[in-house]
Each structure stands twice: as structure tokens, then as C-alpha cells.
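Here it is, the structure in full.
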Amino acid sequence: MRLDWEIAKRGWRRYAAYPWATAAGVFTNSVFGFLQAYILLAVYRHRTHVGGYDAHDAVTYVWLAQALLMTVYVFGWQELALRVRDGSIATDLARPLDPQRYWLAYDLGRAPYHLLFRGVLPFAVGALAFRLHYPGALDALLFALSLALAVVVSLGFRFLYNLPAFWLLDLRGVLILVIAVNLFFSGMLVPIAFFPRWLGLVAQFLPFAAILQTPIDVWLGKHGGWELAGVLALQAGWAVVLLGLGRVGLRAATRKLVIQGG
Amino acid sequence: MIEVEHLQKRFVVRRGRLRRERHVVEAVRDVSFRIDRGELVGYLGPNGAGKSTTIKMLTGILVPSGGRISVAGMEPSRQRVELARRIGAMFGQRIQLWWDLPLLDSFELLRHIYRVPADRYRASLARFCEVLELDPFLHTPVRQLSLGQRIRGELTAAMLHGPELLFLDEPTIGLDVVAKQRVRDFLVEINRQDGVTVLLTTHDLGDIERLCERLLVIDHGSLIWDGRIAELRVRYGDERTLVVDLEEPAPPLRVEGARVERVEGPRQWLRFRGPAAELTARVAAAAQVVDLQIAEPDIEEIVRRIYTGK
Amino acid sequence: MVDAVLLWRRLVGAQVRSQVQYRGSFALELVGAFVIAFLDFVAVLVIFHNTPRLAEWTVQEVAFLYALSSITFAFTDLLIGHLDLFPRLIRDGNFDILLVRPRGTLFQVIASDFQLRRLGKAAQGVLVLVYALSALEIHWTAPRVVVLLASIPAGVLIFSAVWVVFASLAFWTTDSGEFTNAFTYGGNFLAQYPIDIYGAWLRRLLAYLIPLAFVCYFPALYVLGKQDPLGLPRVLQFLSPAVALAVAVVAGCVWRFAVRHYRSAGG
């Protein structure tokens, strides 16, 4: 437990070391927040509701998405793949510390940093410029829970798509496709509520919605009672599935390393 | 070739939170020297002394805060592009070759950047390939070269356009003994045979010993020595070491005019000043001597003494 | 001038040769670039699934705008996209080497890379353009063709100028990378949509300060024969090339000023 805390601190520190980069990132998030808000608002010039969202919901969605995108890390993550490529993975595996547990602890240290320093500020900018929706106390608590689950689901997914680095020399191709699918089906480009019915249905069966869409919907209070429990359970389910697949993959990768010498 | 008068360079460094504290650093203060065509000069100094800053001002990278510089008759900061055609530069820890391309491609590109006529380029390339033995890896991408191979490539790249003046910043850093020797031989050849003026900064005292006739030493932004190595030895190398091998181990010898620095079995190291003949006689009278030798002070020691101001 | 173009071609040709060598990896990256870019268009389609018009623009008209922005940005990215790595060049101290060579520094930086895979985005833009042109009924006249064709190099010049101006920030702080992204990738994103959906303050910024509206919005208005919903003077629709030259000059000055600062303040 103490070890996990130390690892988490390391995750925090790695990103806290570049305050100017973080500040620049906040600026970029804000710019995109404005652009996407205007785009969605243009749709609301002709309608009052889209997929259960009114204009304020949609704009809140946009600003939450910008605020959370680093916390749930929707873009490409390669830290594990890089360690495989430069060979330091060998020392990692020689230690009596499970790699998946390491990266999970690390990410749970990183996420709060991004939430505080890449999340609060852009959201504040959006809150000042637009009228946003704010949750009640219960919804806020459940949002925190959902966000934590989302981070775990995201880590499970990122761990999984880094594993091919054990087999492939160049992960770039895999990375691009994976980011593309993740970006789209997490609702980062357009809220899933805006998707045509059939596409929205596809999105519900993929784990990506659990990374961004679900916590935002909890914030917006779009689920009640059993439905709410259901989506949270689904998030937890995806976390278990992805982490489980990650373990299987890791075992295969370790075996490959031992046999081939990496 | 190079004339530097009262050169100064000041930097404003901002420190603290939000960079609010202003702090003026005098990297180079009132440096003056002159280097004639065909000289091979070493430029020495501890880290942060102002070596790199001086070189950057001489090559036109940095603009001086004060003073006058003339390199090949031009003012580097004002005539950067024209000067660039006449000089070559190699920074040991930086890469000027194209990382993903074969070495030869880098040379070809540089040839066009410097507008070197085809026949002159071919002749230069052939010669450097022979002297530095580049043929085995001429078609290898630079990222796959060993450090020694890369440095040889970089040296060639710096010389391909036939500059009259070559600036080298730590050219032998990280190289093994064989590679260092190759680089040094190359530098001697281009200096003695082609008359290329060379200014070389280095921490490697072997480079100094084997290459330079003249040494400039800078510390805290000021020039603290400018002269021949031989004079340096005389000025600072006044204490020498007499290594005595006795017939059998003995307690430290007590001899007038010398003090024992070290004892290892039958061998003793004595430090002394002045002529060796008298001391040798005294030592022979004091003990059973099998053999003895005189060790000159090494450059490292001399330089250390200059730095510490003794 | 001719000599500079020839040299650029040599420098770039060498890069291209080394990229095409790894054919499999290159093809994958090309496809990847296509797919990622195409997602932006899918997002546009999803938006139009929910509304027949965006402000006063139909889906085909926005597709036209999107295609122009995509193609223009793809070529810009191809030519100077590696400016994203410029902060690292400064940080590693490798910019100094460029100063010891008898050529302009901006030229050397621009000619230092050329990633062919970025054409994947241009390919996707062309496909969307074909769709848009076939779906729209444009009354083609010679001036319209000229404006359309001229808008691409003009747009590339405008995007490039913006990129260069923000990349020069690296001479002051090497952590500026992501800040530049807001204007380059942000610029590409916002140029995909008609500017009348943006708030008034943003519209004025895009017309007069960072003139991205001249990349596709104004030329598109002319080619499509659309009434400007904002009622701005018609002459703006022809000004793209002039604006492009103006910002190029500004960018050159900013760069030169930045290099001068670098040479006085030290590496």
C-alpha cells in the first residue's frame, strides 16, 4: 500500500515538473472549448433538444470534455511501449512488482494532477463565458466515483494497446488507429447523444463511452435510479475486463521475452 | 586571422518564481587576444568559464555586449553568412549531420548548402575518406554510427567546403584512445599541410599536449593565460618529481631540497625544485639507488594550478 | 531564389527517399493520417444528422469549406509541420549549427523535414471536395475557378505564417509547444466551419488579427455565390492572396526579430 502511494507520487511529479507546458495546455483546451461550444450552439438555433440534451447540457458537455481530456487521457499514451523499446522493461520485470499494478498506481497519481491543473481552469473559463449546468450534491459525489472508474477503464485500455510493443517494432500505426477510435467513440469529437441511433448503439457496446461520456452524463444528471447504478456497474465491468485482458496479454508478453530474450 | 579586443558578453538571467529576479552574469569580461593564420591554439577553462560563449561570438552565433571582434577580416555578428563560407565549426556534443540519412547524403547536402564546385568537392571527399577511413560506413545512416565514426563524419562535414579557419568545441569527448589519435592526426595534418587555422576548446589534456603549441586559458570570463606551452611549463611547472628505486624498501629519505611525496615498497617519489643534478648526487649518497627517473609535471597539474591561482 | 528552391528540393528529396524506404510502415502511416483526418468529417456529418443547416449553411456547403481547410492545412503540415519539434531543436542546442551555415535559418528549419504521410489528410480532403462539388450546383465562371485555385496556396501561406509566428516563441520559452497547437491545429479546426457560428469577438479576431477567415471562408462565399450572412464587404472575398503576402511578411519579421533576440540573449 505504501509502495502504491510512492508510485502514485511519482506519477504526479512527472507531470507536475512542466508547469509551463501545463499552462499552455490549459490555453489550448480553452480555445477548443470555445470552438466546440459555438459549433454545438449553432445546432441549437434550430432545435431545443438533441438526444436528451438541451443547449446548456451540450455546452456543459463540451467544457467538461475539455476539462477531463487529460485526466482520462483520451490521447495517445506510450510510456510502457517506450520502456519496452529501450529495454528498461527487462529491469521492471525482474522486480517483484507487477507492471500492471505499477502503472495503475502511477496513473492514479497522475490523474489528480491533471484534474486539478488541466481540469479546473478550462472549466472555469467555460463557466465564466457560458451558462453551464451544475450537479446537486449526490450527483457530484457519484460523478467523482464515475470519474475514478473512467480513469481505471482508460488505464486498462492504454495498458492493453501498449502491449503490442513487445511484438512490433513500431507502434505508430497501431497508435493512430487506436487514438482515432477512442477519440470518436468516447464522445470527444461530438457527444454520443448527437450520434444517429445505430451509431449510438454501437458506442454503448464499446468501452470508450465509459471513459468520457459516462462521467459527463452523471454530472449532467442524465441517469436516475437503477439506470445510474447500471452505468456505474458497466464502467466497473469494463475496468475489470480490460485489466483482465491486460494481464493475459502481459503474461504472453513476458513469456515471449523470456524465450526470445527481447 | 582572429583579432579580439576587450570582448564582453553579459547575460540577463531571470530566476525565481515567475522569473522576477533579474541577475546579470558576465560570461566574458574584457578578453583580448590575437591568432595568426596557421596557428593551432588550444582554448582551456573550467566549465562555465566562458569558452563556449567566446566561440559562439567568434562564429557569429552570439552578438557581443562590448568590444571588437574581427575574424578573417569580418565582423561575425554582422557578416554571419559571408563568414560562414570561410569557417568550419564542429561542436562535439551536438549533431550537424542528418540523423536518418546515410553519411554520404549529409555530405552531398552540405556541398550544396555551401555551394562547393563538383570537382573540388570530389577531391576533398576522396582525401578525407582516405585520411579518416570513412569508406566502410559512408552509406550507413548516421543514427547507426558509433561515436567515433560519427565524429569523423562531423569533422569531414566541417571541412568539406575548404574553410581557412576551423572551430572545434570538445571534438574528442567520449572517444576511445584509437579514435582520439585519429582525430588528432587529422587536425595536425590539416593544420601543417593545408595551413588551416584551428581553435580548439577541450577538457582533454592529451589533446593539448599533442596538438597545441599555444594555449589560451579562461576562467570566470577573463583570460588568465595566453602563451606557449613551453613557457607554461617553466612558469607553473617549477616543481618536478624524482622517482627513485632503492635496493630495498626504506623509510622516506631525508634529503635536502626535496620532500617525499609517496612511498611504495622500494620506490619513492620526491618533489623538488631547481636543477636535478645536485639532488641526484645527494640521493645517491643517502641510499642504495638502483634506478631513478625524472618526471615532468603533467599538464593536468599545471592547469589545475592555473585554475586555483597558485 | 531559384537556387534556394533547388536546394530545398534536394534537402527535402533526401528526407523523402529515406521515408519511402520503409514501405510498409509508410503505407500504414499514410492510411492512419487519412483515417484520423476523416474522423473530423464524420463529426461534421454527425452534427448535420441533427440539423438541416448550421447557421445558414447546408451540409454540402460546410463540406466544401471543410475540404478546403483540410487540403490547405494538410499541405501546410507537409511543408512545415515539423515546426512542432522546433522547441526541442532549441533546447538541444542544435539551432546554433544552423547559424554557422551560409543560409537563412528559417529556410534551413523549414527544409529540414518533409513527412509525406501528411498527404493522407490531403487525400481525404480531396474526396470530401469531390463529394461537395458534385452535390452543389456551382455556377462556374473563370473568376470563380481562379479564386478557388488561388485560395489553396494563399491558405497555405496564411496557415504557415501563423505557425511560424507562434513557433518563434520557442526562442523565449521552450515549453511553448502546446500553446502553438491552439493556433495551428485550433486554426485548422475552426476553419472547417463557417465563421458566422462563432461569437462576434472571435469573428473579428479571425478576420483582422489572425486572418484565418481568409483561408476558406471568404473564398468559399465567392465560389458558392453565397450572400455573406454577416453582410461584410464583398471585396474581402478576393483578398486572400494579398492577406497571405501581408502575413508572410509579418511572419518573416517576427522570425528575424526572434533570432536577433536569441543571438543577444544567449543560447
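Note that the chains are named A, B and C in the order they appear, and that numbering of residues resets to 1 at the start of each chain.
FYI, a contact is a pair of C-beta atoms (placed from the backbone, for glycine too) under 8 Å apart; a residue touches a chain by one contact, two chains touch by 3 or more.
Since this is a predicted model, take the numbers as computed values, not measurements.
Colleague: Would you mind checking which chain's C-alpha centre is most distant from the centre of subunit C?
Modeller: Most distant chain from subunit C: B.
Colleague: Using CA atoms only, can you tell me which chain is the most central one in this structure?
Modeller: Minimum centroid-to-centroid distance belongs to C.
Colleague: If you average the CA atoms of subunit A and of subunit C, how far apart do the two points sit, in angstrom?
Modeller: Computed from C-alpha means, the inter-chain centre distance equals 29 Å.
Colleague: Let me have the rounded angstrom distance from the C-alpha centre of subunit A over to the C-alpha centre of subunit B, please.
Modeller: For subunit A versus subunit B, the centre distance works out to 53 Å.
Colleague: Taking the mean of the C-alpha atoms as each chain's centre, how many Å separate subunit B from subunit C?
Modeller: Each chain's C-alpha centroid was found; their separation is 47 Å.
Colleague: Tell me, which parts of subunit C touch subunit A in their complex?
Modeller: Residue positions touching the partner: 25, 28-29, 31-33, 35-36, 39-40, 42-43, 46-47, 49-55, 173, 175-179, 181-183, 186, 189-190, 193, 197-199, 202.
Colleague: Quick check: in the complex, which residue numbers of subunit C touch subunit B?
Modeller: 6-7, 10-11, 14-15, 18, 92-94, 96-97, 99-103, 260, 263-267
Colleague: Flag every residue of subunit A that touches subunit C in the complex, lowest number first.
Modeller: Answer in residue numbers: 18, 20-21, 24-25, 27-28, 31-32, 34-35, 38-43, 45-47, 50-51, 170, 172-173, 176-177, 179-180, 183-184, 189-190, 194-196, 199.
Colleague: Considering the complex alone, what residue numbers of subunit B touch subunit C?
Modeller: 9, 11-12, 27, 53, 56, 59-63, 77, 80-82, 84-85, 87, 89, 91, 93-96, 98, 100-101, 105, 108-109, 112-115, 141
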